[in-house]
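Each of the next two complexes has chain A plus one more chain, namely chain B in the first and chain C in the second.
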Partner chain A sequence: MGTESLSRALVEFFPHLLPEGILVAIACVVFLGATTRAGRNLWYLLSLGALATGVLLIIAQGPPLSGSNSNRPETFASPVLFDNLTWFIRLLAFGGGLVFVLFSWSEVPEKQAADFLGCMLVTIAGLSMCGSANDLIGLFLSLEMISIPTYVLLYLPRYDEASQEASMKYFLLSIFSSAFLLFGFSYLYGLAGTTNLSGILHALDTTDVRDRPALASVVLIMVVAGLGFKITAAPFHFYAPDVYQGAPTVGAALLAFIPKAAGFVALLRVLGFVFPAAVSARAGIGMAFGDQTPILLCFLAAVTMFVGNLLALWQDNLKRLFAYSSIAHAGYMLIALAAAPLLRQAGRNEGADGIEALLYYLVAYGAMTVGAFAVISYLSTPERPIETVDDLAGLSRSHPGVALLMVLFLFSLIGIPLTAGFTGKFLIFFGALAVPGGERATLFPILAVLGMINAAIGAWYYLRLVAVMYLRTSVRPVEGKWCPAGLAAVGICALLTLGLSLPPGADWLVQAARKASGATTAAAPK
Partner chain B sequence: MPPEPGFDLSAYFPIFLYLAIILGFAGTTLILAHVVGPRRDTSVKLMPYESGMDPVGDARQRFDVKFYLLAIMFLVFDVELLFLYPWAVVAYREGGLPAFLSGPVFWGVLVFIALLLVAYVYDWRKGVFRWR
Partner chain C sequence: MSPLTLHDYLAVGAILFGLGMVGFLARRNLIIMFLSAEMMLQGVALNLTAFARYRGNLQGQAFVLFLLTVAACEAAIALALILMLFRRNRSLDVSLWQELREDDQPPNLDEEPLPPAPEPEPLPQLTPAGHEPVHAEPSHEEASHV
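Our next item is the complex of A and B:
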C-alpha cells in the first residue's frame, strides 16, 4: 500500500457524501431565497424534496455488508468512515429531518421562515456527518455544524427577553463545552500522534493498559464533559430548562433530539464503543481509555436520572418539564452505554447488547419527545399559547384526537407496554441486570433498579399532564389551528412510537441497531 | 517512562540562564523604580491616559450594529485570503501537490469561494451594506 493510494482515500470519499452535499446546497439556495419575497411553501417543499432524496439515496445504498471493508489501510487515512453505524445515523438524521421540516412548517413567522429552514437543514447535515466522522477534526466540525446554526435558530422566531436569554446562554455554554472537547482532543492527539479516529483506537488498543499514560483519563474526563453538555448529562445540564423555555417549540424539540443523538454517536466513536472494522478490539469495546470508563458512565447515569426526574416534579412550564424529562432520558441511555463494555465482554448471544439498546432508545426517545413537542406546537396559537401545564386543561373535550396522541407520547415516555418507550426501557434495564458477576457484580443491578425507580418517579409528572388534559376543564378552551404539516409530524411520531414497539417494527430496528453496534464483526475474543 | 534517546538536560542550560536573567532584570527594575524614583503627582499625571485624549462622557455607549456587521464581513474576506494564499503558493509549485490531488483541491477551493459568495449575496440582499 503506497502513500499515493492512501492519499487517494482523502479524495475518494466525496461521492459518498452526496446526500449531505445535496442538503447543504439546498440550504444555500434557501438562504438566498430568504432574501426574496417568495413564500415559505416553495422553500419547505424544496427541503422536503432534498431530505426525501437523501433518505432514498441512503436506503438505496443500503447498509454496508459486514466485513466488506475490513482491514483496509485506507481506514487510517480517510476522514470519513461508512459502516453500519454511519448508515443508521444517516437514516436517523434524514428521517428526523423530514419530521422537523413538517413540524416547523407553520410554527415560524413568515418573515423568518426561510432563514430558519436553512439553519435547520445545516443542522441535520451536521448530525449526518457526525455519524460518518473518522477524524477528530471532522467530528468537531460536524458537531459545530449542529451548534452554530442552533444559536440562530433559538433567536430567530421570537424577540422577547426569554428568547435572548436562551440563545445567549446556549451560545456561551456551548462554546465553553466545545473548549473542553477540544482540550480533550488535543491531548488525544498528543497520546496517539494522529487525528484519525481509527488510528487513535488502534494505537490505544495495541498499547498495554499498564503502559498507557495517565493522560488517557484526562482525555476521558474532558471528552465526556464536552459531550456531556450535548447530551445534557447531569453536571452539564444546567442550561437545558432555561434554553428550552426561551426557545420556540420547534427549536426546543430540535435541541432535545439532534445534539443528543450527535453527542451519543460521538461518544460511541471517540471512546471506542464502536470499533471500525479495520481495528480489532483487543481490550474490548469502550475500554480504550482504561477500564474506569463504565464506572464513570455509571455515576453519570445515576446522577442524571435523579436530577432530571426529581426536578421535573416541580415544573409548571411545559417546556421546562420536557427539558428535565430529556435530561432523565439521557440518564437511561447512559445506563445502556455504561453496561455495554461488560455485556460485550461476556459475549452473550441472546438479549440486548448495550449499544443496541442505546441506539434503539435514541430512536424511540426521538419519536416520543419530538411528538410531544409537535403536539404542543400544533395546539399553540399566538392568541392562546400553550406554555404551562394548566394551559392543557380540557384538551380531551376540545381536541379529543390530539389529546389521545399526546397520551400515547406520555405513556411512551413513562414506559407503559405497547409503546416504543417501554421496549427501549426493557432492553436497557434487562441489559444492565444481565451484566455477569465479577468485581463489579453489584453495580449494574443497582443501576438497573435505580433506573426503574426513576421510571416510577417520572410516571408522576407525565400522568399529571394526562390528568390535567382529561379531568379538568378550562375557562378558555384550547383553540388550536388547522395545520396539515404539523399534524403530519405528530402522526409520523405516533406511528413510530406504536410501530417500533411491536415485533415487525421493533425487530427491524433492533436488527439495524445490532448491525450498527458492530456486535457481529467484533465478537469479543477473550 | 525512560527519557527519550538524545535528550540532554545540559543542552537547555542557556534557556534556564536566560530565564534567570530576565526574571532578575524585571524584578530589579521594578524595585529600583519603586525605591529610587521621585514621585510628584499632578492632576494631568493622574489621568487614566496621561498623554491621550481628554476623556469625554461615558465609554459604555451603544454602537450601531452596522459597524459589527461590516467588521464581520471584512473578517470573512480576510480569512478567505489567508486560506487562498497557501493554496496558490503550494498547488502549482514543482513537487507541490501530487497530480491526482490538484483537480479535487481546485474544486474544493471553488466550492469554498462559492460558499462565501452565497454569504456575501445573502448579506447584500438583506441590506447589510445599506447605510441608512
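Our next item is the complex of A and C:
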C-alpha cells in the first residue's frame, strides 16, 4: 500500500469518475452562466443533453466484466471502486436525474431556475459517486454532496413560511444525523486502522468475532442511525412528513428518491453487504459487524413499515401521505436487506437474493413515487394547487389520461400485478420466506407476513385516492397546465413502472441487479 | 504524571459529542443549536486525530481536513438560512416555527416563555451638523428579496 500503488490507483481509477466530473463542471457553468444570462431553456437543454449523453455512455460502456479487478492491491489503496454496483447506481442516478430535470422544468420560477438546476446536478453527481466510493472519506463527501445542495433546493422555488420552516428542519436534523454517522465512521477507522472500505471489510473479516472490541457494535448502531435518517427508517423518520409538506413538489420527489437510494448504497457498502472482489467475505455478506446485523434490520423494517402505513391512513395532505408512503416503502426494502445475509449463506444464488430484490425495488420505488409526484406537480397551478386529497376530486373527467397514469402509479405502490411494484414486493417477500430454517427460523416468515399485512393496509389509502379521482366530482375542476416536459417525466416513469414488470424489462433489471449484488462474482461460502 | 493515552482522547471526544447532542436537543436558539451540532463534529474530529496517531497513519487527519471543509460549507448555508428565518419572525426561537405539523395536533404552546429581550441601550445621539444631503429612497423590491 505504498505511495507507488496509490498513484497507480489514482491514474487507473480516476478516469472512471469522468461522468460525475462533467456533471459537476456543467453545474458550475450553470451557476456562473446564470448570472449573465437569465432564463431556463438554455441551461435546462444543456443539462438534459449532458445527462442523456451520460446515460447513453453508461449503457454503451456496460457493466465491468466480472472479476476484472479482483485481487489487486490497488483496491486497498484506491478511493474509488468501479464494480457492477457502481455501474448500476450510476445508471440509476443519471436516469433519475434525466427525469428530475424534465420534472422541474416548469415547477421552478424563472428567476431561480438556473440555481435550482445547478444544485440538482450536484445532487445527482453525489448519488452517482456514492456508488463508487471505496473510502469512508469519499463516502462521507458524496453523501454531503447530496445533502448540502438539498438544503438550498428546498427553499429556492418558494419564499413562503412553510418552505423556510421545512428547509431549516431538514438542515438541522440532517447535520445532527451526519454527526452520528461520522462518529460511527471515526470508530470504524479506529477499529480497522484505515479509511479504505475494502481494507476495513478485510480487517473485520479476518478477525474473529470474539476478539473484536465492543466498539464494533457502537459503530453498527451509529452508522445505522445516521443512514437511517437518509432512508427514513423509523424511528429516524419524524422529519419526513413535515419537510415533504413544506417543500416544493419537485423537492419532495428528490428527497423521496435521491437520499434514500444513497443511504441504501452506503449501507450496502459500509456494512459489507456488497464485497469488493478483492475481499474474500469469509463470514458471509452483511456479517462484518457480527450476526446481530440482520436482527437489528429486521426490527427496523417491521417498525418502519407499521409507522409509515398506519400514519398514512390519517393524512389528508397529499405530500404528507406520500411521505408516510415513502417511509413504508423503506420498510419493505429493509426486509430485503435483513434477509440478504442468511439467503446468501444458504447459497441459493439461483433463487431469491436479498440485495437483488432491494436494488430492483429501489428502481421500481423510484419510478412509481417520482411518477406520482410528477403527476401532482403537472396538475398544480398557482391558482389551483393540488395540496389535499380532495383537490384530486373529479380528475377522471377533467384529465382522463393523467388520471389513468396516476392510477397506474398508485396500483404499483399497492403492488397489484403487472406493475413494477408487484414484482418488487414479490421478490422481497419471496426472499424473506425462502430464508432457510435455523436458530432464527420463525423470524423471517413472520417478517414476510407482517410485510403482506402492511401491503394490505397500504392498499386502503392508495385506493382512497383512486376513489376520490373517479367517484367524486369537484366543485372547481382541476385546471392543469400544458407542459410537455412535465408530461414527459410522467410518461417515462409510467413506462418504467409498466416495462420493468414484464419479462424483457424485468429480466434485464433482475440480471443487472444480480450482477450488482455481487452474487455471481463473490464466492458464496459453502 | 502519566502520559495521555488513546483512551483519554476518546473520552474527551465522546464528551464533546455528548455535550453537543444535549445542547442540540435542549436549546431553542437556532444559532446555539447549530453550534452544538458543530461541537458534535469537533468530538468526531478529535476521535479521528487520536486514532490517526494511534494507528500511525495520516488517513484520519486527512478525514479531519475534509470534515472541517464540509463543516465550513454547512456553516455558510446555516447562516444564510438562519438570517432568512430571522427576517420573517424577528426571533431565533425555534419553537415559533410550528406551521408544519399533523392536522389534528395543536401547536406546542410554551408554558414558560422566554423572558422578553431587554431593550437595547439607546444609541448616543449627536446633533447633526451641516446641510443634510439628498438621499434616494431604497426600493421595496430590493428590501423584500434576499
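Note that the second predicted complex is superposed on the first by the 514 of 526 C-alpha atoms of A that agree within 3 Å, B and C clash if a C-alpha of one lies under 4 Å from a C-alpha of the other, contacts with A are read in each partner's own complex, and residues count from 1 in each chain.
The working rule: contacts are C-beta pairs under 8 Å (C-beta built on N, C-alpha and C of every residue); 3 or more make two chains touch, one makes a residue touch a chain.
Note that the structure is predicted; figures quoted are calculated from it, not measured.
Engineer: Let me test your reading of the model: by the given contact rule, A:Ser47 touches which partner, first (chain B), second (chain C), both or neither?
Structural biologist: Neither partner.
Engineer: Could you tell me if A:Thr304 is touching chain B, chain C, both of them or neither one (first, second, both, neither)?
Structural biologist: neither
Engineer: Check the residue A:Phe14 against both partner chains and state whether it touches chain B (first), chain C (second), both, or neither.
Structural biologist: Touch partner of A:Phe14: chain B, not chain C.
Engineer: Would you check which partner chain A:Ser186 touches, where first means chain B only, second means chain C only, and both and neither mean what they say?
Structural biologist: A:Ser186: touches chain C, not chain B.
Engineer: In this superposition, which partner touches a larger number of chain A residues, chain B or chain C?
Structural biologist: After superposition, C is the partner touching more of chain A.
Engineer: According to the stated criteria, A:Ala34 is in contact with first (chain B), second (chain C), both, or neither; which is it?
Structural biologist: first
Engineer: Which of the two partners, first being chain B and second being chain C, lies in contact with A:Ile175: first, second, both, or neither?
Structural biologist: Second partner only, chain C.
Engineer: Under the contact definition given at the top, report the residues of chain A touching chain B in one complex and chain C in the other.
Structural biologist: Looking at chain A, the two contact sets are disjoint.
Engineer: Which positions of chain B touch chain A when the two form their complex?
Structural biologist: 1, 98, 100-101, 104, 115, 118, 121-122, 125-126
Engineer: For a test of understanding, state which residues of chain C touch chain A in their complex under the given definition.
Structural biologist: Against chain A, the touching part of chain C is residues 10, 13, 17, 20-21, 24, 30, 33-34, 37, 40-41, 43-44, 47-48, 50-52, 54-55, 57, 59-60, 62-63, 66-67, 70, 73-74, 77-78, 81-82, 84-85, 88, 94, 97, 99-104, 145.
Engineer: Mind pulling up the chain A residues that touch chain B in the complex?
Structural biologist: 4, 7-8, 10-11, 14, 28, 31-32, 34-36, 213
Engineer: Which chain A residues qualify as touching chain C in the complex?
Structural biologist: So the residues of chain A touching chain C come out as 136-137, 140-141, 144, 148, 151-152, 155, 159, 161-162, 164-169, 171-172, 175-176, 178-179, 182-183, 185-187, 189-190, 193-196, 241-243, 245-246, 314-317.
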